[in-house]
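Here it is, the structure, as structure tokens.
Per-chain residue numbering starts at 1, and chain names A, B and C are given in the order in which the chains are listed.
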Amino acid sequence: MREVRSIATIASHSALQILRGAKSEGFKTIVLCPRDRVSLYSRFLNFIDDIVLIDGMGDVCSDEAIRRLNEEGAVIVPHGSFVEYIGVEGLERLDVPIFGNRRLMIWEADQFLKMRMLERSGVKVPRVFRSPEEVDRLVIVKMHGAKGGRGYFLARSPEEVISKCKSLGISPDECIIQEFVIGTPMYFQYFNSVVMKRLELLGCDIRYESDVDGLRRVPVPYADSLSEPTFTVVGNIPLVVRESLLVKVFEYGEGFVRAAEELVPPGVIGPFCLEGVCRSDLEIVIFEFSGRIVAGTNLYINGSPYSWLYFDEPMSMGRRIAREIRMAEEHGMLDKVLT
Amino acid sequence: MREVRSIATIASHSALQILRGAKSEGFKTIVLCPRDRVSLYSRFLNFIDDIVLIDGMGDVCSDEAIRRLNEEGAVIVPHGSFVEYIGVEGLERLDVPIFGNRRLMIWEADQFLKMRMLERSGVKVPRVFRSPEEVDRLVIVKMHGAKGGRGYFLARSPEEVISKCKSLGISPDECIIQEFVIGTPMYFQYFNSVVMKRLELLGCDIRYESDVDGLRRVPVPYADSLSEPTFTVVGNIPLVVRESLLVKVFEYGEGFVRAAEELVPPGVIGPFCLEGVCRSDLEIVIFEFSGRIVAGTNLYINGSPYSWLYFDEPMSMGRRIAREIRMAEEHGMLDKVLT
Amino acid sequence: MREVRSIATIASHSALQILRGAKSEGFKTIVLCPRDRVSLYSRFLNFIDDIVLIDGMGDVCSDEAIRRLNEEGAVIVPHGSFVEYIGVEGLERLDVPIFGNRRLMIWEADQFLKMRMLERSGVKVPRVFRSPEEVDRLVIVKMHGAKGGRGYFLARSPEEVISKCKSLGISPDECIIQEFVIGTPMYFQYFNSVVMKRLELLGCDIRYESDVDGLRRVPVPYADSLSEPTFTVVGNIPLVVRESLLVKVFEYGEGFVRAAEELVPPGVIGPFCLEGVCRSDLEIVIFEFSGRIVAGTNLYINGSPYSWLYFDEPMSMGRRIAREIRMAEEHGMLDKVLT
């Protein structure tokens, strides 16, 4: 590809930010939109040039959609709902250039590969229990393929893991059983610039999860009889972290960049996120990663406390992506940022 | 009214934002200010042109105050402390143009009319129990006319509702008894533009309530002996919500606009807020509304993650109001936005 | 000193903000940086002109470092890690001009002087218990010299205070035993401008503390068996407060400015912070203060909801400091802001 004329994404997750940012950088913008979301995205025709209707999940990869995108000289910016929409296989054979490393998204979709990547990154990770029998402390159990915190549950004994799996109709083998680390959740939004050869920290946030973050408002005497907490991500809250922690935050980010280079060459292109907790001894423990833009960046559509350290203009993650594409084009490096 | 020269409001709630925004749009600004708040508002003479002293609550409607406001070609922008100051009757006979539909504020002041409006809007609402005897789950009990979360309490049995009412010296008939929905609180800040004929989402926030949000920091072993939680709103925290929820958020907003048009014509003019929780199944349940600017918009004096999707300049709700007045004037539509 | 050419600070806490702000105001910027943090600060050479290596804590006051700073016409902006690095004695004899009143930082470092200052300010403070025997409610016990919330613990009986002190190997005499006030935490970021003779409120925040703010996510049935909460500050979350509270917030700030003038003349120069909780009766109780920039201001590197009420440009606390130095220089008042 020599020239990028349009930036496209699927109507979900962080599409508004991505398209708004692409517009600021002078691209034509296209949203691939299921019929029932047109009512939302058509409100923003000030920065969305084209709404391409799709019938649903599978349809993104239809010949017609692909033809349209290629005709428009489009690059797709994938986000957290992307793999969900087109599937791992769809992603592999999608015949449109994607910003970022599509293989990294495949690793992200698998809880076991995910943990392997984190371990290789040299970041501190929670203990993983290979079987329910080993469980000797509070754990969080995540079904393989669970998304956005849905389908996670807590337990603290082998019996509890087994009985909860049973009542969900799943086998413990389909789950990853992770130590539940006590500390404050923190999500670090990075951008690995291949063109500028630098790792940027563009923001931090806290996920807002239903109903665990609502249960906290229920007084203790009433709380015990309520249902199990769930961890569905429903929003994000802004955060800055203690400045001295940033040394570690960048070390972690660079460890991840190195690990991805080794395990899924050419490595990370653009946005990724490390998701962890900070313990009271100031150790940061990372329990997940995202190999693409995260929804927490939606907070910073006019820049974040961190982005303003790098840029003298409002720089959302969405805009940063578009900027990188523009720079790659100018430097003849498009093949380095598209896969 | 042909021309608006000044924008006025009462010294409380979101007055700083309203007046700062009015100034940015080129209006003269007036604050109606009780003596004991002059110390605060006189710090901001960079955007407050005139401090009109009032003796207290009732005095806003004095002949003198009204004469002054009309002399200045003023429009009053009402906010959450407004009805509290001048009362429902005061509001009805106040002889100064108001931005917004004053009848809507009257509905807002009544817990039963409020729920009727929400039901008509077609939004999901919590179950309301007609009498304490029906209570079979955790409920929140709100005294009629309670403001800003003060005077709310929790209970989970008929006996508990009755005994807590008794100890507060009120009758259950004076209260609305609402199911306490478990989920994450979310407040949606809308602007219904009559001039542009569009519904904008200008921000989201979480209320910060004392002492319920403080009690959460008390470890469980100490928490049981502490007093009942209270729900007094003392601040606001920024939030963005999961993008796919926005489809529903706009549907809800439009449902409300329609309901208000039917029940209190001409309907909503300008800012309003739907106040709810998001359950873990991603359903949003709305338990209250505000028919005017809410204090959560004070977070976004330089624009919000949402306002930046619409505007290329910092657009607070206060400024948006002033902008709407200006546009209405230009289009000869002042009679559509003032009541 | 006639002219300030550079602004310097130590590589921690709010250094990025301070130096970014200094750069915006046209100063040369210098960071005093231990070897193991160069990796962080060298990422921001866009606004850091000079990295002066220091060997560690004591080395800031070395003859060599001082010579360099004076050669560069530098003013040091102290922050929360500053006293920690150079110690109270180091601070007193440091032969480089400091922005702010260095004696105030000495009072801040002592829990008892700290409470004396707050009492003189006329702000509402929590009850302090002179000995463990007096404890009759939930208290927070703070070791003398404890920093950033580390080493605090809760207790609610004389026996509990004594036994927890014993297990930490300290004497209750080395601690301050404070009533734990139930309410919502709030941190008020002030700037006392000596040049403009005005007190500004530039932001509010909530501290994010590990692991107390993480424990809240643990469901009640699991929470009882977990370890004691700790209060290590690991980040900050943005907040705006109920507008009517601002009357009191400014009264408190001015009370503090007066008290500091009396107890540690010439008083507060520039940034300080009052740290409290808002009870449900809307009383604000202050339990600590900081006599210099706080890390919560890192949230507002592009301005805060409050700073935008004063300034038409992005004004972080770091930039405000640099602006004050610039204005002091222009008015021949440098001796009023440097000590």
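We take it that contacts are C-beta pairs under 8 Å (C-beta built on N, C-alpha and C of every residue); 3 or more make two chains touch, one makes a residue touch a chain.
The structure displayed is predicted, hence computed values, not measured ones.
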Fit chain B onto chain C over the CA trace and report the rotation angle, somewhere between 0 and 180 degrees, nearest 5.
120
What's the call on chain A versus chain C, same or different interface residues, using the half cut on shared numbers?
different
Roughly how far is chain A from chain C, going centre to centre by Cα mean, in whole Å?
34
Of all the residues in chain B, which ones touch at least 2 other chains?
213, 215-216, 220, 237-238, 302
Quick one: in the complex, what on chain C touches chain B?
138, 154, 156, 180, 182-186, 198, 204, 206, 212-213, 215-216, 220, 223-224, 228-229, 237-247, 250-251, 277-282, 302-303, 305, 308-310
Footprint of chain A on chain C - complex, ascending
12-16, 20, 36-37, 39-40, 43-44, 46-47, 81, 148, 150, 208-211, 213-222, 226-227, 230, 232-238, 295, 298-302, 314
